[in-house]
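So that we are looking at the same thing, I have put the structure below in structure tokens.
To keep things simple, chains are lettered A, B and C as they appear, and every chain counts its residues starting from 1.
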Amino acid sequence: MRVPGEIAMTRRRRRRRSVVVGLLVCATAAGWYAGSASRGAGQVDAQSSKQSTANTRDVQRTVENSPSSMRRFAVSIRKPEGPPRVITGLTDLHGNPVTAACSTCHSTRKPNSTNRTAQDLNEFHGNLKISHGAISCLSCHNGEDYDALKLADGRRLEFTEVMTLCAQCHGPQMKAYEHGAHGGMTGHWDLSRGPQVKNNCVDCHNPHAPQFPKMQPTFKPKDRFLEPPRTAH
Amino acid sequence: MSSTRTDSVNPTRSYPHFLWWGLGEATNGGILFYVWMFVLTAISLVGANAWANQVAQGMIVTGMTDHVSWGLYIANFTFCVGLAAGGVMMVIPAYLYDDEEMHKVVIIGEAVAIAAIVMSTLSVVVDLGRPDRFWHLLPIIGRVNWPMSMLTWDVIVLNGYLLINLHIVGYLLYMRFLGRKPNPAWYVPFVFLSIIWAISIHTVTAFLYCGLGGRPFWNTALLAPRFLASAFVSGPAFIILVMRVLRITTGYSAPPGPARTLIQIIRVAMTINLIMLASELFTLFYAGGAHAASAQYLFFGSHGHHGLVPWIWTAIVCNLVGTVLFFMPAALERGGIRIAACVLCIVGIWIEKGMGLIIPGFIPSTLHEIVEYTPSLVEWKVTAGIWAFGFLLLTVLLKLIAKVFAGDHVTG
Amino acid sequence: MNNDDVPADKPRGTSGPLLPILNQPSTRRTALKVAGAALGLAAFGQAISPLWSIPENISVDEFLQRHYKELSDDDKQRIFRRLEAETKQELGIEVTIFDPPPIPGVRFGYAINLSKCNGNGKCMEACNKENNHHRGVDQSYIRVLEMPKGSMDMEQGNTTYDHAVPQDDKFYMPVQCQQCENPPCVSACPVEATWREDDGIVVVDYNWCIGCRYCEAACPYHARRFNWEEPEIPADEVNPNQGYLSNRIRPQGTMEKCHFCLHRTREGRLPACLEACPTGARVFGDLNDPESDINWVLKNKRVFVLKEELGTRPNFFYFFDS
């Protein structure tokens, strides 16, 4: 019983040792081989694979670029839902706030084209913060239909198309916007691969006080050397 | 002559045989010797342990940051390369000017060079975030960015210098051991190669820093000459100390000539070094601007941060006092003045090239943020370990040299 | 100890045995030496014992892995699967590691409108999340400098401001990798672990980098980050969409840097920092496409690059409105 066990053990040990030695030899040899021989081979592999991808990409590209079959994904612009609704301060039976369309009140009131500031508004909107140049309310709001906007030439404009209104005055910004140099976006830079969604003017700018609001930085790298936090430079 | 006797007794002593014998001889000594070796071993082990912890836990245990991404290790590396290059200041008089007395002790300079190169290599290895990938740096099995990367150049020239010096020292000692006359064809070409090579190791090390356009403090053509000049102070000064220690401990007495020659060299080199430092500072401070930001921080502090100010003024004082002492006539005699001058200049240059040059290159950072750096305990331990190992190696080498040379005297 | 009594130098070569150390006079001294050496070795083994954990963490495959450019497609697939399995094992989550190649003919450019940027730092946060950065230090490839108006001297800048932004007398300048045409970091690397790809993105092979940090010293823009410790990311915050050369979880002790989110941009998507920017200050696109947004900016705005005098030729631009 004992003797075979011992033999088995030494054998196992020997095998283990030979495995270790073998591994070492293999490792050295592999390192050497990989360094000299397969370096060339690897390069060839990499090159050929690069070529093949390049070919398929090129094919795709030519297909995309041929005018007949050019497939470009859309650039879409986020839109406001429609005319805003005014919070009345009342709640319904379910406790939900009651809102009213602008026209609910304004249909019975005469539009005053001279109103410019919140102080001018002696009935409602008194706490509205207005800081948008020297324009009057009715420069943009439509005195004939308060559920819509009005372009400078008097044409009616839906609230969803507000950007057309902004662009009347803010031409350079609109131009930059069209070229991706103004306004945030998400999605794809390469429209042959996917769509892009751009922010609307009013996503970032409050039309009544369009200056971008101040923000509080929420994320700071916690550099090791900042503990305890460094106050000033 | 002894040579024939030794030859006839044992004509087939192989080189490995000689090394094994040398190891045995070099580890013989008195109680003080063993205490010395024990202390060095203990410090080396502390360093090895600190390094192993650093590898396991990450370099977070050092004081380095993304802003100051090189610290004590690279500072020490720079000094050690200078020490190695400084050894050549014995070789040049010995071989270029055929200084007979220097010829007898030149091997000490070469031994110092070997130990210093090993120390600088270790300093780089401990600075690696992934020492397990060290093989990537090796030609053929790794992938070296040659000739673009100055660090690749540095690895090549440092190892080359180590091999050249190992060959010269090994060959000369082996021949003496065999009692044969060394064949000049086997070592003189290497000696001349080592002269050029010594200059190249420190030049390449300077290029490592001064080639970086983004670091204005380093980006100066004066860096390589400054490195060489200060190396030709620290190297000879260190060798003078080593010869003194050898005289006291082993009675291996060098003639007075070589030390005097070395001191003359130091006088010239240190003067040149100080002139270059002064002109560097003039350029920086007189013109001012962004280029002077690091120097401002280093010498006077900046935006309320003064971490390196004590370091650099210590270095300036050490260097100036050391230089004055070297210029005193008493420095040419064996005595306290000479020793004090050597120690002061070594300390001064260690700081000037390390904490006073490598660290301020990172402060302010490339985005002009000021983040200070203080070496952590781990870094001090590892650096101490490297020095202890270097001394261990140097002791063994010197012991062997003394043994071989003394043996020659006895039999000859 | 009576070492000194022992004649240390018996004339050599008298007997010439196999091991000359045995030739030494005192067997006691030899025995002491052997004991000392054994003790020293044991102590050394003990001293470096923290290293024994390494073989557990680094497999033989990983240790012997070749440089990225020497890997065949099969090798890469094997490596990606191994890395995915390791993440699964360590964090218990499924991630996908892939390696999108550069799009032929595309060269990426990035521009920031300094009139718009208000220093809110959402880009840094997005970078941190997208790129599986170490959460312990809230790492990010972007640093935002608060600069006084009237100066372009970064010496006046400050990255650690913590107040409502923008301040009236300040402007804000985010800095990240400039993806230079002539990158000093690439020249510096001793092992070619970092290189510039055909689309202009400078990448790092995290499995080849030796962690010498020479590139970090060489970079004039503070664009590189070192993994000073093992990055820690809560399993539920890991971004599973991982590029091999970009946002996969990096190993300790290696260098990393901004890669223009190549795992997104090479799929045609916008970088994470651009999508996160609430001010729309960021413009990204293909410099080789004359109709691209980035080219419109270059043609119609007056742009500048950082530290142009260094000759790094960045593909990262800054501009102001009007």
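The working rule: contacts are C-beta pairs under 8 Å (C-beta built on N, C-alpha and C of every residue); 3 or more make two chains touch, one makes a residue touch a chain.
Remember, it's a predicted structure, so these values are computed and weren't measured experimentally.
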| item | value |
| --- | --- |
| Most widely separated chain from subunit B, with each centre as the mean of CA atoms | A |
| Innermost chain, where centres are averages of C-alpha coordinates | C |
| For subunit A paired with subunit C, centre-to-centre distance based on mean C-alpha positions, whole Å | 26 |
| Inter-centroid spacing, subunit C versus subunit B (mean Cα positions, whole Å) | 31 |
| For subunit A paired with subunit B, centre-to-centre distance based on mean C-alpha positions, whole Å | 56 |
| Multi-chain contact sites of subunit A, meaning residues that touch two or more partners | 31, 34, 223-224, 233 |
| Junction residues of subunit B, two or more chains touched | 60, 65-67, 142, 369 |
| Multi-chain contact sites of subunit C, meaning residues that touch two or more partners | 70, 143, 157, 228 |
| Residues of subunit C that touch subunit A when the two form their complex | 60, 64, 66, 69-73, 101, 103-105, 111, 113, 116, 118-122, 124-125, 128, 136-140, 143, 157-158, 160-166, 228, 265, 267-270, 274-275, 277-280, 283-286, 292-293, 296-297, 300-301, 321-322 |
| Footprint of subunit C on subunit A - complex, ascending | 23, 27, 30-31, 34, 38-39, 41-43, 45-46, 49-50, 53-54, 57-58, 61, 172, 176, 179-190, 192-194, 196, 199, 204, 212, 214-224, 226, 229-233 |
| Subunit C to subunit B touching residues, read off their complex | 1, 3-4, 8-9, 12-14, 16, 19-21, 23-24, 29, 33, 40, 43-44, 46-51, 53-54, 58, 63, 67, 70, 143, 145, 153-157, 159, 175, 184, 186-193, 208-214, 216-222, 224-230, 251-255, 307, 310-312 |
| Residues on subunit B engaged by subunit C in the complex (per definition of touch) | 6, 9-10, 13, 17, 20-21, 23-25, 27-31, 34, 41, 45-46, 48-49, 51-53, 55-60, 62, 64-67, 69-70, 124, 127-134, 136-137, 142-145, 148-152, 155, 208-209, 212-215, 290, 293, 361-362, 364-369, 403, 406-407, 410 |
